Amino acid sequence: MKLRYFAWVRERIGKPEEDVELPAGIATVAELITWLSSRGEEYAYAFENPKVIRAAIDRTHVRPNTAIKGAGEIAFFPPMTGG
Amino acid sequence: MKLRYFAWVRERIGKPEEDVELPAGIATVAELITWLSSRGEEYAYAFENPKVIRAAIDRTHVRPNTAIKGAGEIAFFPPMTGG
Amino acid sequence: MTVPATVRIQREPFDVAAETKTLTRGRTDAGAVVTFTGICRGAEGDESIAALTLEHYPGMAEAEIERHVAEATQRWPLLGVTVIHRYGRIVPGEDIVMVVTVSSHREAAFAAAEFLMDYLKTRAPFWKQVEKAGEKTWVDAKATDDAAAERWAAPGRDAAE
Amino acid sequence: MTVPATVRIQREPFDVAAETKTLTRGRTDAGAVVTFTGICRGAEGDESIAALTLEHYPGMAEAEIERHVAEATQRWPLLGVTVIHRYGRIVPGEDIVMVVTVSSHREAAFAAAEFLMDYLKTRAPFWKQVEKAGEKTWVDAKATDDAAAERWAAPGRDAAE
């Protein structure tokens, strides 16, 4: 599964994207965040406040309880500040 | 006193402006309209529905019960349709 | 600080882009620019429009718009405002009126532009005559425009002011 | 009838006047044009800003804005919409984003432009980094922007949609 990171999430993790093999039992966006946080200091730092993290599956905004099954690309980023 | 007419008020009366000598006892805009209406058919036609007539004294919108004392120029016109 | 405010009543066409540049050129405190342009349409329902002719009350039109521009600069933190209203004969596709508002933030720029347009529609002494199939008729004032202008009224304010 | 709708995400500057002409040229049903331009300011409070750098999520940014443009054309009787959002490094005085809406009447043009700007601020995947005194920091999302976007939400609508 392809993961993409933007803005300070990208800076904290130290890379813009990566391919990961998910362990069994990770069903939702929130569970994916919890698992990523356990992968190292940089991830723990990026996701230290999960409430502010936004996610998109295949380029559509999703909520923490959205199922990730079938996702091609999941992105994590801070609240948007465009416009 | 100088009177000015605009749009269909002007067309119905047949002139854009005139100077009039007011008889005594005309104190408000509404009274002025009543007096003008009595001056001839064209005035009666212009002011046949006084509720839609708007007025300005010295280039400021006023209401029917506004006193006309001291006015230099009084204008009558239909509701505005600019913009 | 005085807010740059320009009001012009003219027969000639105007250039919204040039007016906008005049307001924003050389300043870096502007974060939001809203422009409104009102254009003469070529039809109303099924009836085609040959032209509009706008009559105005010279002197009062400027004064009335200037009063509302001054009110807008008091109600919202504006950095600049320009209002231009044309009069005379205007054919479909030609511009009639423009408003440009400049502010640090978008809310003020949008609100002030809408406020000014609502007031121009209902309070500025202009009257539109429309030419359709060789006949000229005066355009009726719209209740929806009065309602739009009403939403800006301060409580207890005299409706004729 | 399909409403002409253009969404562009680009590094290059844009020309609001040219984009407006593209939308209105040759048509006489347009009665109202509203443009919004968002500009990089040179200061925030007492601190001067050297530049903004905008990061975006390519592909999603276009798709997300296109979805909201489509929603705007369903909610209001629009005759045309153009949205252009820049990315990359932008210095004070330069434009960041523009929206043009065209309609027969002003209410629809104003409402659609405000709706699109509120959504761009809160939903389009762009992130601003600000350079002040040699330091780069990510701009925090504003609660006021979220509140502004909320006012357009249909009742019962999923906040994450």
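Letters A, B, C and D mark the chains in the order given here, with residues in each chain numbered from 1 onward.
Assume a residue touches a chain if its C-beta (ideal position, glycine included) is under 8 Å from a C-beta of that chain, and two chains touch if they have at least 3 such contacts.
Keep in mind that this is a model prediction, so the values were computed, not measured.
Q: Remove chain D hypothetically, without shifting anything else, and describe the chain groups still held together by touching.
A: Excluding chain D but keeping the rest fixed, the chains that touch end up grouped as A | B, C.
Q: Can you tell me the least number of steps between chain A and chain C, where a step is a move to a chain it touches?
A: 2
Q: Starting from the mean Cα coordinates of chain A and chain B, work out the distance between those two points in Å.
A: Averaging C-alpha atoms per chain gives centres 71 Å apart.
Q: Taking each chain's centre as its mean C-alpha position, how far apart are chain C and chain D in Å?
A: 23
Q: Could you tell me the distance, in whole angstrom, between the mean C-alpha positions of chain B and chain D?
A: Those two chain centres are 48 Å apart.
Q: Mind pulling the residue numbers of chain C that touch at least two other chains?
A: 38, 106, 117
Q: Which positions in chain B are in touch with at least two other chains?
A: 83
Q: Among all the chains shown, which pairs meet the touch rule set out at the top?
A: A-D, B-C, C-D
Q: Would you tell me which residues of chain A are touching chain D in their complex?
A: 4, 6-8, 56, 59-63, 66, 75, 77-83
Q: Write out the stretch or stretches of chain C touching chain D in their complex.
A: Touch residues, chain C against chain D: 16-17, 20, 24, 27-43, 92-93, 104, 106-107, 109-110, 113-114, 117, 148.
Q: Going by the contact rule set out above, which residues of chain C touch chain B in the complex?
A: 38, 54-57, 59-61, 63-64, 85, 96-97, 117, 120-129, 138-142, 145, 158-161
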